[in-house]
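Presented below are the structures under discussion, each in the form of structure tokens.
The following pair of complexes shares a single chain, chain A, combined with chain B in the former and chain C in the latter.
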Partner chain A sequence: MPRTQTAYVGIAFAALVVIIWILAPVFLTPRNLFNVSKNFSFIALMSLGETLVIISGGIDLSVGSVCALSAVVTMMLMRFFSATAAAHVPGVTIAFAALLALALAALIGLINGFLIARIRLSPFVTTLGMLSVARGMTYVLTQGRAQYPIGPDVALFTRLANGAVLGLPTQLVYLLLVAVLMAMALRHLVWGRHLYAIGGNAQAAALTGVRVPRVVLSVYLLSGLAAGFAGVLIAGWLGAAPANLATGYELRVIAAAVIGGANLAGGLGGATGAVLGAALIEVIRNGFVLIGANTYWEEVFIGVIIIIAVLIDQIRTRRDF
Partner chain B sequence: MSVLELRGIGMEYGAIRALDDVDYAVAPGEIVGLIGDNGAGKSTLVKIIAGNFPPTHGTMHFDGRDVRFRGPEDARNAGIEVVYQDLALCDNLSGAANVFLGRELRRRVAWVSIMDHAAMTRRAAQLFAELKSETRPEALVRTLSGGQRQAVAIARTRLAAAKLVLLDEPTASISVRQVTEVLDLMRRMRDHGQSVIFISHAMPHIFAVADRITVLRRGRKVADKPTHATTPEQVTALITGAVEWA
Partner chain C sequence: MKRVILAALAAMVVAAQTGFAEKLQFAVVPKAMNNPFFDIARDGCVRRAEELGNVECVYRGPIEHEPATQVQIIQDLITQRVDGLAISVSDVGAATGVIKAAREAGIHVITFDADAPGSAREAYIGTNNKDLGRALGEMLVKTQPRVGTYGMVSGGPAAANLNERLDGVREAAGKAGWKEVSGSPTYCNDDPALAVQQLNDLTTAHPDLNAVVAVGGWPLFVPEGYRNFFDNNADRFKSGRLVAISADTLPSELQLLKGGYVAALVGQRPFEMGEKVMDALLALHDRKTVQEIIYTGVDRVTKGNVGEFLK
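On to the complex of A and B.
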């Protein structure tokens, strides 16, 4: 029997790939895989940040809104900088725009983290409020209109956000880089050890001298940053950012994290799981389309998978006792 | 020569007097049983020694110095560790990770300071071996027995080279076989020169390991005798107040 939830998801993932491949051989063509890996990268990226929050025993519901806000702010800033001297140097408008959008996303994460770690508000309610605030800001800034990239760096932006490196979509490359960094940080940094300790028993961690508020604050900041990064990438991929972009994504993101083995009670989860969970959901979506099944069933199927994932986790931990 | 010496300790919460003029001393390598009914002042005394709050009256002397702890960290730095009843362990981490929590060993790789997993596992295994416990350093604490969990908590105090360890009800809620294991752990701590304050309701356990027994009743110390000079019957009478003083 596999020891971790992630191992189960890996097996389920492999099985699903084989089934879909048998039913729809087009699934394993490079072209389809290229598209699938693009589609799931955004959710997976946000899911990495969300997984950190879930390991700490919290939740971040604001990721979808932060993603949208970051996407429209990137576009609006590109336009703004295109009218300044920055437009004369290639790459500068997009660099400024993206960095400022990321800073904004990180700031929102920081505010979440401050309210939760220092003021000790409930993560659910705080980030639910922030979901609304960030979405509202998105509408206020855009007045509900979709934003488009403008200026000298549009082509560069598209290449960076929606290009290919060594035959892999750039989105996937960013995702894998972030995932590897996160996995190493969780395994090797004292920060990672303390994060798991907080999720396992925050009181015990505090008693041994772990600086709990600082670590908790950091995970909300990183979750905001990951959502912001996903937003920038989505903007570059779509070539447009509607104000209702990424609505409801928080649920898909949390689902991916949970399927991947993050436990909402805290103390469990990892980068591999988050990526696998997101990949599993996307493969199901893609499979439904390719097989020609009624796609209305897709949501039902994904819901069942989530419940099975929690069930397996429950059975597994029960056996451990 | 005592490692810990309290003189005239008193603690008042408003009008309530939780401790009244308590003198208390622990010698190096001594196991002192601290016993008393609920509300007798045991936890107040433990919290004062552990630095959770200062006493309203009296002085504390530890390891040759007058001390006044402003917080648990002060007490820890001085060499006093507490093993709490609920053990304060992280179930989702390994034994070694728990032993080193907050004191992780690190090494540098390039410019990054990372955890030295191998060194921590090795040192934890060594600590468990010293305690003659069969705890595996890599095993998740969730999977350990009550006795092994105590070993993890106690190994933490040995890592800190604590001179005095307070064990709060370490034998509560574990099986009989594991009680033997935990009592052995305490003897090992004594053999290594650590002083132990063993807080418990379980008379047989106290009598099995303690060198000396202190009884508190309603905030006062009513007995402080070598274990061989008293009996469970006498201690019970002292706890309940059937005998006033001994």
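On to the complex of A and C.
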């Protein structure tokens, strides 16, 4: 019997790949794998941030809206900087636009974190409110209109956000870099050990000298940042940032984290799981189309997988009551 | 867990793969698969495919309206190598790239209902929205003899097709001396419940309003909610001081028209769109020329002819 949730998800993932491949051989063509790995990168990036929050025992419902806000802000700032002196230096308009959009996303995460860690508001309600605030800001800024990239750096933006490195889509490369960084930080930094300790028992952690509010604040900031980064990438990939972009993504993101072994009670979860969970969901979505299965069943199927995932987690870690 | 997944997948595949044959696969991609408008387009497409015999209508899109998901599904349909694509475009910018990719893969692409002008699509089949708006304005003038003020409900400020309808209403109503009130149009984000609330808001804000016009059928998609609005303003409606006009002619709307809750409906013809989509894709496949813009007509329905549409 495999020991970790991630191992179970890995096995399920492999089984699913084989089944889909048998039913739709076109699944394993390089072109499709390229598309699939692009598609799941956005959700997986957000899932990495979400997993940190879930390890701390919290939840972040604002990620889909923050992703959309960051996407439209990137586009709007690109247009703004194109009319300034920044337009004369290649790469500057997109660099400024993306960095400011990321800063905004991190700021929203920071506000979430402050309200939750310092003021002690409930994570669910705080981030539910922020879901609405960020989506509302997206509509206010855009007046509902889709935003398009404009200026000297459009081609560069497309290359960076939607290009290929060594045959891999750039989105996947960013994802893997972030995932490796996160895995290392969780394993080797004091911060990582403290995070698991807080999720296991915040009071006990505080008694042993862990600065709980500071760590909790950091995970919401990182979750906002991850969602913002996904927004920048998704805008570059689509070549557009519609105001209703990423609507409902928070549920997919949380599902990916949970399938990957993050436990909503806190204290459990990791980078590999989040990436695998997101990949599993995307492969199901893609597989449904390729096989020609009835789309309306897709959500039922994903829901069943989520429940099976928590069931296995429960059986695996069952203790005597 | 493996066995569970295997069993579930196998069951679904068996359930789904009934019509497996050497037919041409034409994919019809709606904005959302939970929208009743597209259900009718699907019916038209399936019916026409049966009549043609050698084609199959593959109806597949995002369940809920979200532009990135639609692009991903179109990519998958390209991977699957369908023989033609008809897309109701969620976002023009987002779809332009994937339409190009489809054409490069040798797949014919047309748009229906919502166009992507400037993309590589070969034809557009849909409603002339300016005409639909004019028809709404003309029905308003016809059903409300007291020339006065009107307010409108629209779906969202970014929807070009809805903005054309608004302009059409303004043109036809303005010609007859009607004035649009301040705060009109309201935008309901395609949310029927919100649309009903906004109708209430409009009539509350303007107690002397003579007409409300919904340029999409949202408020009537929730009949109970709409009847509630009607009851709130029953005296105004019954004395003829206020009339309601709406776009679309779905069954729930026709029932409301029959019951006298709304004065007139102007409908698009999604069934005809579905049929023409199949015809156009087949013609393109057979290397025949297809007109670039094909307009499907509009139906004008009042209490007098509602019976024909309720059949």
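Throughout what follows, the second predicted complex is superposed on the first by the 318 of 321 C-alpha atoms of A that agree within 3 Å, B and C clash if a C-alpha of one lies under 4 Å from a C-alpha of the other, contacts with A are read in each partner's own complex, and residues count from 1 in each chain.
We take it that a contact is a pair of C-beta atoms (placed from the backbone, for glycine too) under 8 Å apart; a residue touches a chain by one contact, two chains touch by 3 or more.
Fair warning: this is a prediction, and the values are worked out from it, not measured in the lab.
Q: Under the stated touch criterion, which partner chain does A:262 make contact with: chain B (first), chain C (second), both, or neither?
A: neither
Q: First (chain B), second (chain C), both or neither: which does A:281 touch?
A: neither
Q: Touching A:186 in the superposition: chain B (first), chain C (second), both, neither?
A: Touch partners of A:186: none, neither chain B nor chain C.
Q: With both structures superposed, pick whichever of chain B and chain C touches the larger number of chain A residues.
A: C
Q: Which partner does A:294 contact after superposing on A: first (chain B), second (chain C), both, neither?
A: The answer is second: A:294 touches chain C but not chain B.
Q: Classify the contacts of A:209 with the two partner chains as first (chain B alone), second (chain C alone), both, or neither.
A: In the superposed model, A:209 contacts chain B only, not chain C.
Q: Chain B touches which residues of chain A in the complex?
A: 188-190, 193-194, 196-197, 199-201, 203-205, 207-210, 267-268, 317, 320-321
Q: Which chain C residues qualify as touching chain A in the complex?
A: Touch list, chain C to chain A: 1-2, 4-6, 8-9, 12-13, 15-17, 33, 58, 60-61, 63-68, 71-73, 75-77, 79-81, 90-94, 96-97, 156-158, 187.
Q: Write out the stretch or stretches of chain A touching chain C in their complex.
A: It comes out as residues 8, 11-12, 15-16, 19-20, 23-24, 26, 29, 31-32, 35, 39, 42, 142-146, 148, 234, 238-240, 242-248, 285-286, 289-299, 301, 304-305, 308, 312.
Q: Inside the complex, what are the residues of chain B that reach chain A?
A: That would be residues 72-73, 76, 84, 87-93, 97, 101-104, 106, 112-115, 140, 142-143, 156 of chain B.
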